[in-house]
Amino acid sequence: MIRVGVIGYGYWGPNLVRNFAADPQADMALVCDPQEDRCLTAQEAHEGLKSCRDAVQLIHDPNIDAVAIATPVSTHFPLAKAALEAGKHVLVEKPITQTAAEAQQLIEIAERNRCVLMVDHTYVYTAAVRKIKQLIDDGTLGDVLYYDSVRVNLGIFQHDVDVIWDLAVHDLAILDYLLDQKPVAVSACGKKHADNNTESLAFCTFFFDSDTIAHINVNWLAPVKIRRALIGGNRKMIIFDDLEPSEKIRVYDKGVTYTEDPGQIYRRRVDYRIGDMHVPFLDRYEALQQVVHHFLDCIIHDKQPQTDGHMGLRIVHLLEAAS
Amino acid sequence: MIRVGVIGYGYWGPNLVRNFAADPQADMALVCDPQEDRCLTAQEAHEGLKSCRDAVQLIHDPNIDAVAIATPVSTHFPLAKAALEAGKHVLVEKPITQTAAEAQQLIEIAERNRCVLMVDHTYVYTAAVRKIKQLIDDGTLGDVLYYDSVRVNLGIFQHDVDVIWDLAVHDLAILDYLLDQKPVAVSACGKKHADNNTESLAFCTFFFDSDTIAHINVNWLAPVKIRRALIGGNRKMIIFDDLEPSEKIRVYDKGVTYTEDPGQIYRRRVDYRIGDMHVPFLDRYEALQQVVHHFLDCIIHDKQPQTDGHMGLRIVHLLEAAS
Amino acid sequence: MIRVGVIGYGYWGPNLVRNFAADPQADMALVCDPQEDRCLTAQEAHEGLKSCRDAVQLIHDPNIDAVAIATPVSTHFPLAKAALEAGKHVLVEKPITQTAAEAQQLIEIAERNRCVLMVDHTYVYTAAVRKIKQLIDDGTLGDVLYYDSVRVNLGIFQHDVDVIWDLAVHDLAILDYLLDQKPVAVSACGKKHADNNTESLAFCTFFFDSDTIAHINVNWLAPVKIRRALIGGNRKMIIFDDLEPSEKIRVYDKGVTYTEDPGQIYRRRVDYRIGDMHVPFLDRYEALQQVVHHFLDCIIHDKQPQTDGHMGLRIVHLLEAAS
Amino acid sequence: MIRVGVIGYGYWGPNLVRNFAADPQADMALVCDPQEDRCLTAQEAHEGLKSCRDAVQLIHDPNIDAVAIATPVSTHFPLAKAALEAGKHVLVEKPITQTAAEAQQLIEIAERNRCVLMVDHTYVYTAAVRKIKQLIDDGTLGDVLYYDSVRVNLGIFQHDVDVIWDLAVHDLAILDYLLDQKPVAVSACGKKHADNNTESLAFCTFFFDSDTIAHINVNWLAPVKIRRALIGGNRKMIIFDDLEPSEKIRVYDKGVTYTEDPGQIYRRRVDYRIGDMHVPFLDRYEALQQVVHHFLDCIIHDKQPQTDGHMGLRIVHLLEAAS
């Protein structure tokens, strides 16, 4: 039974507490938030849950084995560092830290203290992304030619980061999980609007050694919410629309073959193949439940998480490069 | 009565011939195509229409006042140059030429010979783009913050150009028409795929002196056809979906205001305004009919076309910069 | 402060308890469910809430002023009857009872005992239906020609009723609220499928004295979920799609005018008018909060609820007629 | 080489002429329309095509083997009768006649004179309906539980018929083709609106001996165009949306199984199965080309058309029953 403490009971914290409370491998023991009313809310929702207002107290509580951190990004590093140094296993919200140097430090402390360090890149644990991974790995898609994502809406969801750190971080985690290779170059354009001093929209392109190219379009000033990625393989192509209630993944049996047509100057022979379209059934579960379960599993069986500190570091590297 | 000759009866030529034939200001007199079967098809469809196989013959025919050119891009310059030098008014398909230098030459010849030189940027004459222009000009949108277009499908539509010259050219024409200002910088990334030696997808960003930024995502390898632009103003925002049969323009009464919130470090006061959505009724007409009518009108009343040689040149400048 | 007891803590009960607990006019005092684990769940979620397993005990508790009943339909009548006879105000889930005779009895007891009797036809209190009512009442739609609803999905939501009592009941409540007149005739066809002894799909048509006709298509065996009504007026027409997250109501400026064309035998002159389309902004609130607030308000100020026993009776009359 | 004459060059006639002209088995010889300008239009579009203004002349022309009739419904019977009596093969637009008695007469004359009599129920020849037929015949859908069609739009397409004869006729032809059995009972409700003396909307239900039920909702006064049928089988279910450009048929692996649950009074055990969704690729062809080809084939090889006079008669029977 892993005894868990959660720091931060704002937007995401309640979801962590609820999932740890429901997992039979965990004892959801202590929640910490500087605002007393939030602590009370947490205790009303979960009988027997203790609370405190000081993160240092939680981190050094000898009755806590693992700490989950759901606080503003700027506090991730000091809190995670303190927890790891106190020998606690750490699950931290994405992005892991504000700088690659900080992430590198956390990795080293975790390894030195033999603690699990995991980043909550929730998307990686969704049924949709798992299915796409499977379709790539079993060769259904063929070579991945491009990943082209539009992730826009009206409104800012995080207040201490710009639109790239808030929204593009999801696509970078998905790409890191889906593709074996990592980007070798980045090109990004953003725009600050009105009296705002952070980027509110940005267009990022990531280049790989292979034929793959990735493009991420993020925008806090869009009239509608769009969460859609086109993933083009040379055998099949996918539309991943995360706002679709049940048909999130559409697999198109479409492709293209080029051959030279010597008879015509202006015309290459291009064969477009158009076949059936398929919407695979996806298991319905809350991705965060898998995150929590995987974190506990890695602690108990001394395993490396799929979204470990190294993965978190790679994402921060790319976010720094794009910013 | 303007006597019109059309060069090229492939994909677009038949539409030009049909519209000139229907316009009471024009005498659709002569069509020219090197393939004899196409000439026969044209004559079957339009009683009394004459045809020839040599463009030079058409250009120098003293019974022709105006020439419309619907041939591969690489032939636009020599054909338009010959026609203008022969004193004919010219309507040429987009893009006007393959290089800015060629376009500049055509402008000069046209001015010297007092001929109308017009480029068929058809999109500028659609009811949808006209309506968007009106909503910008009357202040409904407020300041235009961004233009973000996705124009993708499976398949190559033009064979002597890459995806930017084939698809992004439409957005550049729309932008030139909608905005008073012109881009001051360009960033573009493309990708050649398979054994193809031209770009099959590209992401282009155009920067303006003002707060405006434009982004154009074009792709010949997409699983579905998308023709959709988001146009964000600080007062209202538009979604322009050209594949919608009747609801092409959606005007969202959405906006955002930033104010500093001195009480909180991590939080700017951001007010999002969400109101009604409105789909204006659009007149139903064929845009090419307006193109043809405007061309004839400019000849008869000695006017400068909205999509004249200078506009064609600006587009080619941007295409060169993006490529 | 109205002291409230809720009977039934299954599917809908928790929503009632939550909304009563949040309303400053109510003291959410007692919850009753025969299953002990449900009582415990209720108490964990709401600190200080008492529970009992016997409805009779709750009904006769002198510390309770009002009773909300969220139990299977077959128990509505005995529970509501007992509560009204004990002098409690009653909010009962829809449909009010299984027969019109029972509903009539409840109305009489409530009037005799000067108790508020209200039916929870939640749809009537949604922002969407309120907006449609306003568009009809202010003449925007003109005369209502038809109401045509499709309400289908895969799966049974209630187990002691057929598809008409489960799904069509919503449309009947909406119609009762929207239109001043009541149906004068009913035609309904249903179908029992497989080894099921209740109707799993049904098509009901309701006729009014005026030009209005209403059609309700309900189906538990549909491959997708649809919740969409067309409402045709002679001036404007509405599509009400309850599954749209934010654009639930679309108002089309479309209409039709007939005039006799004396010149042609087979052709009436029909003028179709097609104009703009408009999506009004809807306030975002939980309809049940309005239900609870209105119920408390009627008790405190001795008012008749909008969805009172008489309205509940009219709906049951129509359900009986259609079945 | 079958020599074909077409009567009527209004809305549908040009499509017939074009398809007969393109079929190598036919000699598109003569077109007939009382309006001279239409005859001229036909001749301009098709070189060498002769025209006349009198149907009697066409019918008795010894150089004509087969007659296609695309005129108002009220004239179908006299024209088809005259043509069959003159020994011509006949392709007549749907519905075959205005009464079942007339259709019966045509069948008898055709059989007596050994002429092919075919009705142009075009829908039966579309790739989408062919694919649905295949999915029913090969057992993919299982038993067909229901066919539920919505076929609505703003505007009248035919002026000498009501909405049932104009729109429901399509669904009746599709049903006749898809199902081996024929309806045994009909229930229909319609409504005349404004000063219009024909039904402008109607709801028709057709009952079969088996478990199947069919429902057809037709409306000329709808704010949007909808052409969508749900087809529920006990193994799979289909959505057929004819307005989808490429994804007309969606096959849902959804179903339901009922078993008695002895332990619970109010609850039958219902198992809903939800699996993948599949969009089969459909061949792209013009259905009318298949109609014309099949008609010519039946003449040449002395075969019975799939949509012969008997089928046309069955449809008229149902239209009469529903009206």
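Chains: A, B, C and D, in written order; residue numbering restarts at 1 for each.
Simple rule for what comes next: a residue touches a chain if its C-beta (ideal position, glycine included) is under 8 Å from a C-beta of that chain, and two chains touch if they have at least 3 such contacts.
No experiment lies behind these values; they were computed from the predicted model shown.
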Higher-contact pair (C-beta pairs counted), C-D versus B-C: C-D
Greatest separation from chain C - chain, by CA centre: B
Length of the line joining the C-alpha centres of chain C and chain D, rounded to whole Å: 40
Centroid spacing, where centroids are CA-atom means, of chain B and chain C in whole angstrom: 53
Residues of chain A whose C-beta touches two or more other chains: 274
Residues of chain A that touch chain C when the two form their complex: 44-45, 47
Parts of chain B lying in touch with chain C, wherever the complex brings them together: 247, 253, 274-281
Residue numbers on chain C that touch chain D, as the complex places them: 72, 74, 145-146, 148, 150, 152, 154-156, 159-160, 187, 189, 191, 193-196, 201, 203, 205, 207, 211, 213, 215, 217, 219-224, 230, 232, 234, 237-239, 250, 252, 254, 256-260, 266-268, 270, 272, 274
